[in-house]
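What follows is a pair of complexes built around subunit A, which joins subunit B in one and subunit C in the other.
Our next item is the complex of A and B:
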């Protein structure tokens, strides 16, 4: 068996054209659209991390805004207090901070499952939100902290260059490379023996124990990885947004991460990615067209749960299976 | 039962006790398993058979008494430590990873046994040795043609076999099989037991089989331990058990009437 077996090779073949389209996109669409997609890709990295817990380990976190927010605030603090402008160092700060927080929160949360796990993650994220909200002399309170345009691989924004143009080209490609890398790493993790152990825990915790898997230890590692991916997304998000505020730590954003994943379909690898990108467009569209955008998103969520419980990718998989069966049944002329 | 002088005690429980409130589920039980034997644990519902193997395998904690395995006290060991020592089990109600394929159910047990489940950055499909071993075990259990099927889609008989195969793939020294034929049709029982006992004997694994069906027990197990109300009522060959008045009164008689 080759290292890249049949189904894996098919995925690589399918991913190739998508990456090519993403590469040429900034040259064919408006900068605004590219920036919008950058947001979508950043959220997709967070959703990938979140789904390692939900889709692969069977743990529903309602507190992932914590790790996204920690990644974002770590970048903002490093810029403000250490005067660092290198995006690579800022990412390192975001990853280390989110890893530390996820490691500590994980120790508390992973000994519980179901609603107890969900409530604990929610409560801990709210603690961070209240800290960001109340310690305004450090965090800037509701005004948040501004983050100037960083240097990318040691190269700063050209003198006189429009920030929008910078975000729509150089920063977009920066985000794209990290998105592809994060997706590839997550793909390998969920298809590794470790990933299989997580799926075994999701399916049957007792049996997983009885094949020698130390359940809480594996859950903790999954929690840590999940937090790091979400923290990386938060760190990439700040320069795009220009500032970070406590809003990114509040539970509503945790709900949005759950929404991405349910929208795309948490039982497929690509579902959370598709869900994050589509949700970002949906929200932008809804906010621009109606003051009742939250109601609109609520209706979408209810419709989704009732009509498409497996999400967009679940529906795509079902339809493609149906069509391929129909294709096989159709006799050759 | 006559003791074989060369027999080596693999497992020994001393005064093992578990109470659930007023119910004496396992009551000061002294139970010995000798290396290489295949023995049956019989008894009516509530006799304490499953509780006894739950205690030994670590699923529930012991109230009092001791469990010694290969000379080491394992009474307070975790499930993980007991698995590492070579104690594995299957379940009365099938316990599988339903969304994983049949092959992956076995592969996971092998990865875990070999300490490979900590590997994050290698594809599990790329480990040819593990895949080949998983396929070989599936062939032994007659499930090779179901390798790509998700475990949740198997028939009850196949699920029972896979449940045992997953425990077997851990290469245990002592294997507890909790009612391996429960929930399957009478017609399927003999083929399932034929497969299980032949695989266990070929692998030279010591096995303790909890079973209700006396025909199955008498046919496949040279030693039988009968339990009643949390205590051991009798211990002997099928012939000795058949002729034991207490067993006949409490177990076999009841079964004959039912």
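Our next item is the complex of A and C:
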């Protein structure tokens, strides 16, 4: 028996070409496109974390901006007060801070489900937002905190190198490697016995409890992992953006995380990734095209909910099924 | 003593406006079990409509008392908007998981936010002449704007009116029956779709009324809806989702804490409010008057 079993091998076969395309992309397209894609990949990490709760555990968090923001602010604080320039240490700071906050908030939130869970996560994320907003002498208030370009694996940006070129090449690969790693880890998590237990809780809490699953404990661990993924995304996002502002802590951003997960389709593993990348393009396009970009996104969201509740991946799955049936019925001559 | 009285009046002022917004939110949740994230935008919509209508008429020879009545254009238009939105956007979703209901109201929030910008532009509208027109009262050695007192009275009247409407009329009975058990009410011959439209419209009317009465005092600005929504959430969570008594008590508590907060601990005022909501959820998840 091969070490990689059936469905896993199929996934590797599908993911391989995508990763290859992503690897050669910076050599083909303009730097701006690569940076844009970096944003998309960063959001995809956040969405993967978010979907562990929504898609796999059945908990809708409306406060995931908190962990993204904590990751980002942890990086900014470490740079500002500890003068750390190494991205690896900054990521560690972001992960530790978001893990801590997610652990505490999780203890509080996982006692509830459904709408109460949503409102509680929202209220707690707003606490952090209001602190970032009001304690301007620490957090820079609405001006935010600037973060200089960090060193990657001990190598700093070449003297005189354009920051855009740095972001479009070295930083892009840095994000890509972490994205692939995060995706792989999440894949392992959701296919492990732990992931199966989460899905059991999602589908029937009472039965899961009877089978011997300690429901709240599993939910708490899922919450923690979810927060850490989103925090990692926040930490990776800071050097791209160059500064952190309270905008990434406010609940509208939580709404966007929910949005892109649903856009991709929260019932599939790849849905949140696709959704995050597509949403990022959609939003960038809309913001550049019209001042009424919120309305555009709102219309997309309403249409999505009413007409395509399974998201992009759900639609793709349905279409491919239809085509493959057609294919079988009319064999090639 | 005078300062204490002024603090109390200020608390009541916040509470009055908050009750109008949160009361509507709670009513909608109580009957339809939908948390309407776009509720704050209906409040903002009411404010903009009221400001715009009064702005058209002001200085045109319309007697001032009529202008105060013209403010009612805000709630009426907000209610009309609600009456259109419920059957078109929300009704298809009642059978679906509540994630979708939250999402569609979030989409609606985004749309309404920009719709306001599209119609009235990015600049604030103000009708401060209505605020100044009422003059002020002397309370001991301090002066207090009469308009603020009027807002408190309107808030109080709205609370009493709503209570009478829900507990003393035929419609109220139907509304409460639907809220308690929708299927049973339907089996008894209640037209649930109609009750839902009416409840949603009434909730939007209250939000619009809240918007209209703050306009003379604060003007109508972009983003007011989202800010108000979050405070209304705090109120509703403290009082209990779906309970009007809860919305009233919650609004009073938040009003008092805000007034204290602005004077004593301005940096953490908002954080304290959100923490209050979180703590209440922890101790009594259904809120003080809720029936989850």
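Going forward, the second predicted complex is superposed on the first by the 328 of 333 C-alpha atoms of A that agree within 3 Å, B and C clash if a C-alpha of one lies under 4 Å from a C-alpha of the other, contacts with A are read in each partner's own complex, and residues count from 1 in each chain.
What we mean here is this: contacts are C-beta pairs under 8 Å (C-beta built on N, C-alpha and C of every residue); 3 or more make two chains touch, one makes a residue touch a chain.
The structure displayed is predicted, hence computed values, not measured ones.
Of the two partner chains placed by the overlay, only subunit C lies in contact with A:108; subunit B stays clear of it.
Touch criterion not met for A:148: it reaches neither subunit B nor subunit C. By the document's definition of touching, of the two partners only subunit C reaches A:130; subunit B does not. Using the contact criterion defined above for the overlaid structures, shared-chain residue A:292 touches subunit C, although it does not reach subunit B. In the superposition on chain A, A:203 contacts subunit B only, with no contact to subunit C.
In the superposition on chain A, contact of A:242 is made with neither subunit B nor subunit C.
Looking at the superposed arrangement, the partner reaching more residues of subunit A, out of subunit B and subunit C, is C.
Legend: residue contacts after superposition of the two complexes on their common chain; A:16 is shown touching neither subunit B nor subunit C. Across the interface of their complex, subunit A is touched by residues 35, 37, 89, 92-93, 96, 98-100, 102-104, 106-115, 117-118, 226, 230, 233-234, 237, 241, 266-271, 274-275, 277-278, 281-282, 285, 292 of subunit C.
On the side of subunit A, the complex with subunit C involves touching residues 54, 60, 62, 108, 111-112, 114-116, 118-120, 122-124, 126-127, 130-131, 133-135, 251-252, 255, 258-259, 262, 291-295, 297-302, 305-306, 309.
Chain contact summary for the complex, subunit B toward subunit A: residues 57, 59, 79-80, 83-84, 88-89, 91, 95-100, 104, 107-109, 111-113, 116-128, 131, 166-167, 170.
Across the complex, subunit B is touched by residues 1-5, 8, 185, 188-189, 191-197, 199-200, 202-204, 206-214, 218 of subunit A.
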